[in-house]
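Listed after this line are the structures, all set down as structure tokens.
Common to both upcoming complexes is chain A, partnered first by chain B, then by chain C.
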Partner chain A sequence: MKFRRLKAIGVKEILQVWRDPRSLMIALLLPFTQMLLFGYGVNLDLKHLPVCTFDREGSQLSQDLLKRFQATQYFNIVHNAKTYAEVKAAIDDGQCGLAIVIPSDFSERLNDLGTAPVQAILDATDDNTANIAFGYAAAIVEGYSNDVEVTWMNRQGKALQQIQPMVVQSRVWFNEDLESRNFIIPGLVAMIMALVGAQLTSLTISREWERGTMELLVSTPVKPIELMLGKLAPYLVLGWLDAAICLVLAALWFGVPYRGTLFALFVTTSLFLIVVLSIGYLMSVLIRSQVGASQIALLVTMLPTTLLSGYIFPIDQMPKVIQGITYLVYSRYYVSIVKDLFLKGSSLAELSTPILFLVVYASAVMLLAARAFRKRLD
Partner chain B sequence: MFARIIPIVVKEFIELKRDKWARFRLIVPTLVQMLLFGYAATYEVYHVSTIVLDLDHSQESRELVSRFTFSGRFNVAVARSQAEVTKAIDASSAAVALVIHAGFAALLRKGQDAPLQVIVDGTNSNTALIALGYVNSIARGFAQDYASNLAGRTLGVRGTKQIQVTLEQRPWFNPDLNGRWFFVPGLIGTLTLVIIVNLTAFAIVREREVGTLEQIMVSPIRPAEFIVGKTVPFFVIGLGEVALIVAVAMLWFQVPFVGNPFVLLFGSALFLLSSLALGLLISTLCSTQQQAFSMNFFILNPFFILSGFSFPIASMPQVLQWFTYLNPLRYYLVVIRGTFLKGVGLSVLWPELSAMAAIAAVLLTTSILRFRKSLE
Partner chain C sequence: MNGDRQGDPEIVAEDLVKRFGSFIAVDRVSFSVARGEVLGFLGPNGAGKSTIIRILCGLLRPTAGRALVAGIDVARDPERVRERIGYMSQKFSLYRDLSVEENLKFFGGIYRVPRHDLPERMRFAIDMAGLAGREKALVSTLAGGWQQRLALGCAVLHRPPILFLDEPTSGVEPTSRRRFWDLIHSLAAEGVSVLVSTHYMDEAEYCHRAALINQGRLIAIGSPEELKRTALRGELLLLECETLGPTLAAVEHAPGILDCSVFGSALHVLVADANQSLRDLPVHLEQKNLPLVRLRRIHPSLEDVFVQLIAIDSAKRRVAA
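== the complex of A and B ==
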């Protein structure tokens, strides 16, 4: 391997990128626009869910309960139904995601029997929203229930008996306010880099074939490994720029707390870029048409990265077979690294397992790519 | 007129028939994506890895822990020290930690607030939130049973004279809160959108790139006839894709279909028209297949994100919510889920269907006008 030849390829590639401002713009604009689109559009927090109420009693007690729903930021009462048919219509046409139905004997039951049920009708076509909404609704009703009991006891002149023999003291670590943005955006950085990185290099070799410059390249003394390194190096710089755009947007624009060291971020990001760029290069070597190469590159990066990397769907909830497949998805390692660096502030030592996997991945793909390239024209 | 359209249609079908790779691309990625989404895409929370530190070793604390073990929601492991708990959460080997301090049972028996300490790894806020909901409901059940038991023993009262309001959960349309029922039908919209836009855009850009478009234009065929001839086969293919995905959803993933199939068919036809128009529009903006490819990527991504396919529209910022009104996929998903799960008909879905018709009309007119101009 001669550094001179490597440098020549690198310089040629840099010039090619530099003198094609349109592609350069796309390479830098794509991460920017995708970060903004996903950063704002991808959100699992429940806020202002439209609620329909059906108060069949209309008493002081029942109205107090409904007021509590209006008072939280999670729910927004948009419809006060007078009949059950109205409730049904509101849920059917998707106008409301939750309906609270209070029975006509609510106060009576509470006084005589001590317990009174309230119904939460959920539009469960979106099961996740329904599940979270029920959790918040249950918490509101429980708080209400406790307060009613305290006033009841006081009125009876009884000493306040122990109502809650046990209290749950829950604490949330790493993402204290449970904001979905804080876990989605670091994963998004990984996803965008996987997409853009593979696209960058997926054209390098197929372009030589399509433009006919491959004949020239083959007639030079350059060796496959020099060609590969020379072609990857300029894109690594571009990849660093893309990564910087994504990471700065994540930390400063979206305000995701960053708790790790910058050195750890730099090392792991570079490693991931090498994997991603090499995969794009491998596709480019294997497929000679530019469209084919970039399509396959998109197919092998986009789908596995969105679904199987743990960027949004937790891996430990998937069936065992699928969990096994996720070990082949290289983004999986970087997604967990970035999340841990951002939210947990993990050190390089704590991240050694995913880093090791990335190193193995990078070497395997580079070896494959270097071997796949033959200096032949057939 | 038909004499000129039919040969184009026949030509497209022959091209497709002879292109094995194209047929492969129509069926295999669809099936792979369906399987992946059906099995991997879920927000459901089962078997949360949980670590328990019981420093009380009492009958009560064991009873509490066993409620977690037998709920099916938590995979309980036992820790021996506080340090072990911290380490498990740090290393993500446990997502939830329960700590019962010494003296828990004593406090319970006295009827004083006995604390159950819960630590949740909030890294994935969605899982954390749902897991926390389950922890609370198990703890609530334990506390209530214990309280009524205690009241029965100490005051000699049967049952409880406790005041309590309970909330009954009634999830309509999806009683088991099965995530698959949410994602799999939605794929009908997302997959057909990608396939149809890609097919249309590439078919026309390819003709332009190869130069056959000019040949066609010197023939007596009119631009409108050419467009119809080009798009009819893709419309048929699109209906085939819809049928394939519906079949897999119902037969393989057992998603119920309770609505009117004709409403779905009508909605699908309107949606396919919008997709075809979008493909046509993209084809007028590009001169090479490479450009068409990046353009597709740029344009289709916002369609997915801003559709409610996996992220609720109500949680988006207001400006993005306005954008969703321009998105045909948004309406189509309402029609799909409405017919699959809710079983609602035209009386409920007419606003969505008319919105799709309007979008299709606008898109088709614009794309046909632009396409004619691009030929001149």
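== the complex of A and C ==
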């Protein structure tokens, strides 16, 4: 391998990218717009769900309970129904996602029996939202129920010490606010980089075939490895820019806490870029048309990264077979690395396993790409 | 002109065959090119000229036969061959979005032209292409003739002893074509062996030797003089007349006529015996009431030779098939 040839190809590639402002704009604007679109669009949190109440009793106790619904940021009481029909209408026309119905003998049963049912009606067309809403509603009612129990016990003259219910004190680590955004955005960075990275290089070889410049290039003594490294190097720099855009947006714009070192981020991001750039390059080598290569590159990066990297859908909740398949998805390693770096502040040593996988992946794809390139026309 | 051509041939093709599926693109072609020699490949489009050149450059693997370039077996060690050759492909293949200078620098880097030699070599290539003052111009803005000369400049930047030029003058205006051939000859004079293909028959006159390729087969090879002397098995007459069509029909069926073809506003008539036909043809036409303006013996051009040879070869194939 001769550095002189590698450099000649790198310089040529930089000039070509520089002279093609359209592709340069795509390379730099795409990550920017994708970050904003997905960053705002993908949100699994439930906030200010419109709620309809139907308080059939109207006592102090029942109002106490409903106030607790109003007090959380998860719900917004927008309608106080007077009849069941109103409740039905509010849910039917999508005005409310949840309705709370308090029975007319609520206080009576609570005082006499120490227990009373509360009805929750959910619009489950979006089952995810309905599940989360039900969880929150149940928690509010349970909290209220505990307080009522304590008051009831007190009134019965029983000392509090006697009833020591077991209490779970949960403390959330790493994503203290349980913001799904903090969980999604680091994965989003990985997805965008996989997408843009492979797109960048998917055109590089097929373009030379289409324009006819490859016929001359393969008649020269240039070696496949020189061609590959010379072509990947400029795109690695462009990839760093893209990564910087994504990571800065994630940390500063979306406010995802970053706790790792910049060095660890640089090392792992470079490694991931090398993997995706090589995949794009391999597609470009295998498919001699620009359109074909970029379509296939889109397919082999976007799809597995979205579905199988753990970026949105947690891997440990997948069926065992699918979990096995995810080991082949290079993004899964980077998604876990970025999440750990952002939220846990892991060190390079702690990340050695996914890093090792990325190194193996990068070497394998590059070897494959270098071997797949034939200096022949037939 | 032939003085310094000596030693082992730089390019040798031995029974080269190239099949694409059932199509035989190259059919047992053998020839050689000496040091400092310009061998022209002539023939119609699709005759197999480019395929032979691509085999010699190591871009296509021959189905059978052997190709030696600079004494190296191309199929066995294409990389060593590639360091010793310059290639101009049929389709323009420099980078149009790069400037003249950037293209030269690129190929200088790829061929690892010594750094301290590069400025001088680039100067030479730029002057040769007549592009002085346009070093910074993007290649896409250059006219065809300049583009082709720059492509030649890039091909010789590393001073290869062997050059393969695939239709370098196609689409180039006549004055530029003439200039291009001057460049080729100045390179050959320095000892470079050149294999150049063209579909302009008149350009065969510029070659030391010409090889005629038709339907994948080499049907004649020799110096222009040799070809003119021996290839036509007959003598050539020029016949000027008033009615071209009927005269052509009449001449074709006259005795002693081997072939007759339209050449501009006249007819070229190939006959077995020129003196005999000079006497008989006017009589034959007079009987048919076809007025004759002039009939004389001429020396055949290479184009006559090729048209004739290709017609004979194609006819033979039809009979065989």
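Just a few scattered comments:
One rule holds for everything that comes next: the second predicted complex is superposed on the first by the 359 of 378 C-alpha atoms of A that agree within 3 Å, B and C clash if a C-alpha of one lies under 4 Å from a C-alpha of the other, contacts with A are read in each partner's own complex, and residues count from 1 in each chain.
Basically, a contact is a pair of C-beta atoms (placed from the backbone, for glycine too) under 8 Å apart; a residue touches a chain by one contact, two chains touch by 3 or more.
Just so you know, these numbers come straight off a predicted model, no measurement behind them.
Steric overlap between chain B and chain C is absent once the structures are superposed on chain A; the two fit side by side. In the superposition on chain A, A:112 makes contact with neither chain B nor chain C.
In the superposition on chain A, A:64 makes contact with neither chain B nor chain C. More residues of chain A are touched by B (comparison of chain B with chain C). Applying the stated contact rule after C-alpha superposition, one finds that A:152 touches chain B and leaves chain C untouched.
In the overlay built on the shared chain, the residue A:218 is in contact with chain C alone; chain B does not reach it. In the composite built from the two structures, the nearest CA pair linking chain B and chain C is 18 Å apart. Across the superposed pair, chain B and chain C touch chain A at no common residue. On the side of chain C, the complex with chain A involves touching residues 20, 54, 57-61, 78-79, 82-83, 85, 87-89, 91-98, 102, 105-112.
Per the touch definition, chain A reaches chain B in the complex via residues 26, 30, 33-34, 37-38, 40-50, 65, 89, 91-94, 97, 110, 114-132, 134-135, 137-139, 141-142, 144-145, 148-149, 152-153, 161-176, 178-180, 182-183, 203, 290-291, 294-295, 298-299, 303, 307-308, 312-314, 316-319, 321-322, 336, 339-340, 343-344, 346, 350.
On the chain A side of its complex with chain C, the touching residues are 2, 4-5, 7-9, 11-12, 15-16, 19-20, 211-223, 375-378. By the touch criterion stated above, chain B contacts chain A in their complex at residues 29, 32-33, 36-37, 39-47, 49, 89-92, 95, 108, 111-130, 132-133, 135-137, 139-140, 142-143, 146-147, 150, 160-175, 177-179, 181-182, 289-290, 293-294, 297-298, 301-302, 305-306, 310-312, 314-317, 320, 334, 337-338, 341-342, 344, 348.
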